[in-house]
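Naming follows writing order (A, B and C), and every chain is counted from residue 1.
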Amino acid sequence: MSTLTYQRMQAVSADIRFGIMDLYAAYSAALDEGRYKDWADCFTTHAEYRLTTKENHERGLPIAIIYCDGKGMIDDRAFTTSETTISQPRALRHIVSGISVRADGDDYRVAADFLILQTMLDRMTEVVMSGRYIDRVVVDGHRFLFESRVCVTDTLLYPTSIAAPA
Amino acid sequence: MSTLTYQRMQAVSADIRFGIMDLYAAYSAALDEGRYKDWADCFTTHAEYRLTTKENHERGLPIAIIYCDGKGMIDDRAFTTSETTISQPRALRHIVSGISVRADGDDYRVAADFLILQTMLDRMTEVVMSGRYIDRVVVDGHRFLFESRVCVTDTLLYPTSIAAPA
Amino acid sequence: MSTLTYQRMQAVSADIRFGIMDLYAAYSAALDEGRYKDWADCFTTHAEYRLTTKENHERGLPIAIIYCDGKGMIDDRAFTTSETTISQPRALRHIVSGISVRADGDDYRVAADFLILQTMLDRMTEVVMSGRYIDRVVVDGHRFLFESRVCVTDTLLYPTSIAAPA
């Protein structure tokens, strides 16, 4: 922790911190509002997106629930997600906390905890999953973008109804 | 997102961001600790407070679960809420994330995701509802206040036991 | 609230705010990843750690679920927790929001809301408890540390399976 704190005070300005927090907020809002094109636009051209379980992540297994290598695949995922979720009337809500930022050359290594809730038309709001984002963020002009986002869910019982990115 | 990020870097300083985060924290703490007068004091004289469902909000329907037009009505709501909740021994907990801020003239357009949990005396902690705050915040001297707060809940099945503001 | 906001603008810089947010993030990550030694290293030599219920806290009762007086007892707790949780394959996830900071001499009085979720091997993710952190934070060189952390849970039905700190 002391190392992290030290580097922050040396290298990561408030502007950068808020820029990254804004990227996280924009990402969550895009998914919760079903704006999948805006979700895809949170990534760089060569970005990696991966949704995997804690078990696979800790064992270093390449198996993932969703895996996208590059913006093309992310755009495809955005398109198929908007097609498949039209028939499913549910609201998603992302809650994110504990964002930590470490400068790494010109990039930033960022991590955070997430919780996703869903509300079906005829049911009360319920927990879908919790987990951790492990990210690499870059600055492109005035924009902050994900060069890499790995979503590690805590659950092994992955609900098959979830076609959407986390 | 790029527009939002750009405007932030131009216009919203760290002091303003933290001031708004403090207002959000003070608002949650007031509700969770049953200090409804302090809750009412988070609003300006002419403030609007509205608690509505996602469906009504998206259709632009004026129907709301709670609607207050001006501080007088908000004070009234604070008073009736403290009267009605005395008999109901439960603890509420507000979790808020993804606060985004955009300068709009002298005001700030702010949005965030929320999750409310409750703990009844004889039960485990459970999710009450999730949703989104859509706000207009103003600065009055050193104080940040809500000129308008709209709480949009994700659920249609609104628990009738909830008389309290969200 | 106005007092709090005023003091913040006078005394608590963005660097201090982010330093405290980083301490909170490091604390949560240490517990969620089972790094109990790192958890213990979030405290000063003479730190107090207490986990208690809302009822006991409000009545000023000294009874606590966990009580540690000084780093020695915190280190002991870290050791016993790692021993007892090995046999229990579950993932914890801390979500924290509403961090408020007030300068008090050279120290900082900090409070925040928390939500803890757990995922057992064969179950969906579920809420364990919600509550409030009431803390005193000090700066030791470049490091932010807890001089005191009191975790006040909202629940009376405290699950006996929870041996871990909150």
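Please note the rule applied: a contact is a pair of C-beta atoms (placed from the backbone, for glycine too) under 8 Å apart; a residue touches a chain by one contact, two chains touch by 3 or more.
What you see is a predicted model; the values in this text were computed from it and never measured.
Novice: Since chain A and chain C are copies that touch, is their contact same (over half of the numbers shared) or different (under half)?
Specialist: Because under half of the interface numbers appear in both copies, chain C and chain A meet with different residues.
Novice: Fitting on CA atoms only, what is the rotation between the copies chain A and chain B? Please report it in degrees, nearest 5.
Specialist: 120
Novice: How big is the gap, in whole Å, between where the Cα atoms of chain A centre and where those of chain C centre?
Specialist: Inter-chain centre distance comes to 25 Å.
Novice: Residues of chain C touching 2+ other chains?
Specialist: Within chain C, the residues that touch at least two other chains are 14, 95, 97, 115, 127.
Novice: Name, in rising order, each residue of chain C that touches chain B in their complex.
Specialist: 1-2, 4-6, 8-9, 12, 14, 17, 54, 95, 97-100, 111-113, 115, 127-132, 154-157, 159
Novice: List the residues on chain C that touch chain A in their complex, please.
Specialist: Contacts found on chain C: 14-15, 18-19, 21-26, 28-29, 32, 38, 41-42, 91, 93-97, 115, 117, 119, 121-127, 142-144.
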